[in-house]
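Next come two complexes built around chain A: one with chain B, the other with chain C.
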Partner chain A sequence: MSRETMTRTERVDAAIRLEKPDRVPVVPLLSAEAAGTLSGATMAQVSNDSQILFNSILKVFDDYGGWDAMHGGVWRPIHVQATGTHPMKIRIPGVDLPDDYVFQLVEEPIMQLEDYDKICQMGFDNFYYDDYLWRISSLTQDSLSDALEDVMIWGMKFLPEMAKRDVGMWVAATGMHPFFHLSLMRSLITFTEDLYYRPEIVEKTLKRMTADLIPKQIAMAKALGHNRWLLTEERASAYTYPLSVFERFWWPYTQEIVEAFWSEGIVTVFHIDTPWDKNLPYFKRLPKGSYVVSLDSTTDIFAAKQLLRGHGAIYGDVSASLLTIGSPADVEAYVKRLIDEVGDDGGFILGQGCNLPSNIKPENFRAMLDTCKTYEFSKK
Partner chain B sequence: MSQELAMALVELNRDKAMELVRSRAEKGEDPLGILAECRDGMTIVGERFQAGDYYLAELLLSGEIFKAAIAFLEPYLAKVLPAKPLGKVVLATVRGDIHDLGKNILSVLLKAQGFEVHDLGVDVAPAKIVETVKEVQPGFVGFSALITTSFPAMKETAQMLVEAGLRDKVKLMVGGGVTTPALKDYVGADFQTIDATAGVSYCLQNVEGR
Partner chain C sequence: MRLVLVAGFLGSGKTTLLEHIARQLTAAGRKIAIIENEAGEIGIDGNYLRQNGLEVQELYGGCICCTLSVDLVVTLQKVQRLFAPDVVLMEPTGLARPGDIVSAIRSHVPAVTHYHVLVLVDAARFDMLMSMLTPLLTAQIEAADVVAINKIDEIDQAVLEPMAERIRELNPHAQILAISAEKAVNLEPLLYGLA
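And now, the complex of A and B:
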């Protein structure tokens, strides 16, 4: 049996460059909830106590023998509101949900029609922090400062622990696609009405938000010294909208964003949930190697590989359902298939679909990691 | 017979559809006939969705028009004998999950086809579902999920239906973006889908007397 010949970072970087590493890298997105489950902490603890969440993440990494890049970090529910990552009302275990529930987002049309003009005039960040945040959150100015400081403090504490373990971050900066951001703030139905009945104001706002996002996130990625950033979109695929909507309201902004980052040497890692089968051909218009698509198991990852082979890297897609109710043998079989058919010539990073679920079976998580780390070597 | 109203709904022409509903109701036309034409429109939308010509967006928007039409027609419908529902469906997002988007879409589509829908909401305890099934005696029970945390409670509810002697009397459906065929087996359900229109088709195919 052969052995590993690359460091974790070399392995991940090679896959991103569409090369074939010594083996397929495995990079699970360790949510706070899964970290809690796998380390024995309650959902309330990991949702409300940064120290416990920090300890949980490191414990899971150590207990399961580690993996190739750290995806996720000390992000508690209040952090996602404070940073604007999820601009929605939230329900937090131990606060307004039972201790054993997972943190959940509430879909409500909080953003009003007139707010489109406000965003265009004020810019997104000013709108968010001067106006919108206070409609969705119990944060005060003081507790907002504390929450933002908490994000930085725990991020800084995380780095030396990762260095000790010889593991790098999967991505540094993270952002929501402007289209997805608006959909979350307006709610899916109301935003869809806007797209069909009031398209001009949506278009104008997307332009402004894209112009705001690009310099901000490029500066963030550079400040963090990382050449990958995460762009999340869960609602723009041809499951939800026809390609005419995608072509008008999503693709041009996406192309502008990816090309701007790529011109700075930064790869865009798309976290794209729901079926993207009809949309993926558009990604071939992006510069080769400028992106990674992370699929959630509802897109046909095997067809995606045939389409994007040699052009863009693929991440995914052991489903939440399989990790929750499947057996270790089921997980092992699926991971082997992914490695054989999607990772055969490189350009593939193995992970879960979307996010590791909170009720993941520990034995399934171990099967996912161990199979990826050993399968290719066992064949040689 | 003109299908102008149905087509306004299919074309997502909200203003035209509502104007037609309003003017026809105010002229004294049978509200059940108006409702039937709205349903025809929803049926065409569902067919186009299943053919891949329409997307979730069209389901959502036509559903919103349908809901507005029903709301407008309500006082008119109250004056006529209630039409016998095609069947009864109990829907819930089961304990552990508070999301309801998919469930709400299915609810509107089922109502559009003439089903009586008892929507128990989100984060519903298994005992509450069983109690409602006893009371309502539906032909169908549907569980919706966006996240995996409600899977154990779905299974628990299905088992409680068995223990209460109710399981054989209903078709049990599970649906939502995170569901897979394996969940059907895990829960012991009869049907699984991530597509609300497929759920409606399943109910139509299995409704008693068809």
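And now, the complex of A and C:
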């Protein structure tokens, strides 16, 4: 049996460059909820205590023999509000919900029609921190500073722990697609009404948000010395909207974003949920190697591989149902199929579909990691 | 155990209708449990319903979409084990496709013997939604046993029949009802076979 010949970082980087590494890298997105479940902490603990979440992540990494890049970190619900990652009201376990519940995003049209103009005039960040945040959060100016400082402190504490374990970050900067951001802030139906009845103001706002996002996130990635960043979108696919909406309100801004990052040598990692089968052909218009698509198991990943082979890397897609309801044998069989059919010529990073679920079975998580780390060597 | 899925977009009147059905079935002596997944502006009054003898499970997920089916399966298994209700009323998020949910439950929860998919469409927004959210609304209607056109008190009655015809074209097998959940108009047929 052969064995590993690359470091974790070399392995991941090779896959991103569409090359074939010594084996397929495995990079699970360890959400706070899954970290809690796998380490024995409650949802309330990992949602409200950074130290417990920090310990949980490292404990899971060590208990399960590690993996090839850290995806996830000390991100509590209050952090995602403070940084604008989830611009919604959040119900928090141990505060608004029982201790064993997963945090809940509340869908409400908090952003008002006149706010489009405010964003266009003020820029998104100014609008968010001067106005919008206070509509969705119980944070005060002081506690906002504390929350943002907390993100920095725990991020900095993470770095030496990762160095000790010889593992790098999967992505440095993270952002939401402007389309998704607006949909969450306006709520799905109200935003859809805007697309229908007043498309010009939506387009003007998307343009402004795109112009704001690009330099901010490029500066963040550069400051962290990292050449990958994460862009999340859950509502633009043909699962929800017809292609005419996608073509007008999503694709042009996406192309602009990816090309701007690529011109700086930064790869865009798309976290795209829901089925994207009908939308993925558009990705072939992007520069070769400039992107990774992370699929959530509802897109046909095998067809995606045929479409994007040699053009863009693919991440995914062991489903939440397999990890929760399936058996270790089911997980093992699916991981082997992914490696054989999607990882056959490189350009593939194995992970879960979307997030690791909060009700994940520990034995299934272990099967996912161990199979990926040993299967290809066992064949040689 | 019978499962009644009350699907439709946020704002289509699901919660109002679900509470009505729950009260009627409870009055008819059926043991009811509710699984609510939509956290919106006007949530279900879980405390009120609990005081009236119903079991309410608020199923909250951190991710909006990707773990939904499996979370619903796990919650349904728990409800069946702990409460053994006659009827479970389930309100999934408006982004869900009921066909996917039914498929997941059929595979993993054999205790469910009867399925009843009720899809609400918002009469006042139907044209806009059909034009803009075509894939999602089409999938919801196609999976329905009953399509209830809600908020008929807010529209010109002349547009009702063309709307019903478009729904019929998408799903010729579904029963189509025109209702007002808010004003309790024409809700009795929704209970046929359930009470």
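Rule of thumb we're sticking to: the second predicted complex is superposed on the first by the 380 of 380 C-alpha atoms of A that agree within 3 Å, B and C clash if a C-alpha of one lies under 4 Å from a C-alpha of the other, contacts with A are read in each partner's own complex, and residues count from 1 in each chain.
Methods note: contacts are C-beta pairs under 8 Å (C-beta built on N, C-alpha and C of every residue); 3 or more make two chains touch, one makes a residue touch a chain.
Worth saying up front: this structure is predicted, and the values here are computed from it rather than measured.
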Query raised in the report: On chain A, do chain B and chain C fit together or clash when superposed?
Result: clash
Query raised in the report: So, A:Ala320: does it touch chain B (first), chain C (second), both, or neither?
Result: both
Report summary line: Per residue count on chain A, the busier partner among chain B and chain C is C
Report task. Considering only the touch criterion stated at the top, classify A:Val292 as touching first (chain B), second (chain C), both, or neither. Result -> neither
Report task. Using the superposition on chain A described above, determine whether A:Ser31 touches chain B (first), chain C (second), both, or neither. Result -> second
Query raised in the report: If you stack the two complexes on chain A, which partner ends up touching A:Val245: first (chain B), second (chain C), both, or neither?
Result: both
Report task. Once the structures are superposed on A, label A:Ile189 by its partner contacts, choosing first (chain B), second (chain C), both or neither. Result -> both
Report task. State whether A:Phe103 touches chain B only (first), chain C only (second), both chains, or neither. Result -> second
Query raised in the report: With the two structures laid over each other on chain A, which partner does A:Ala172 touch: chain B (first), chain C (second), both, or neither?
Result: neither
Query raised in the report: Across the two complexes, what residues of chain A are contacted by chain B and by chain C?
Result: 91, 97, 101-102, 104, 106-107, 188-189, 192-193, 195-197, 238-242, 245, 273-274, 298, 319-321, 324-325, 357-359
Report summary line: Listed in rising order, the residues of chain B that touch chain A in the complex are 12, 14, 54-58, 60-61, 64, 96-101, 147-149, 151-152, 177-180, 182-183, 186, 194
**Report entry** List of chain A residues in touch with chain C within their complex
**Finding:** 31, 33, 91, 97, 101-109, 187-189, 192-193, 195-197, 234-235, 238-242, 245, 273-274, 296-298, 319-321, 324-325, 353-355, 357-359
Query raised in the report: Given the complex with chain B, which residues does chain A contribute to the contact?
Result: 91, 97, 101-102, 104, 106-107, 188-189, 192-193, 195-197, 238-242, 245, 273-274, 298, 319-322, 324-326, 357-359
**Report entry** chain C - residues contacting chain A, complex
**Finding:** 9-11, 38-41, 58, 60-67, 69-71, 73-74, 93-95, 97, 104, 108, 125, 128-129, 131-136
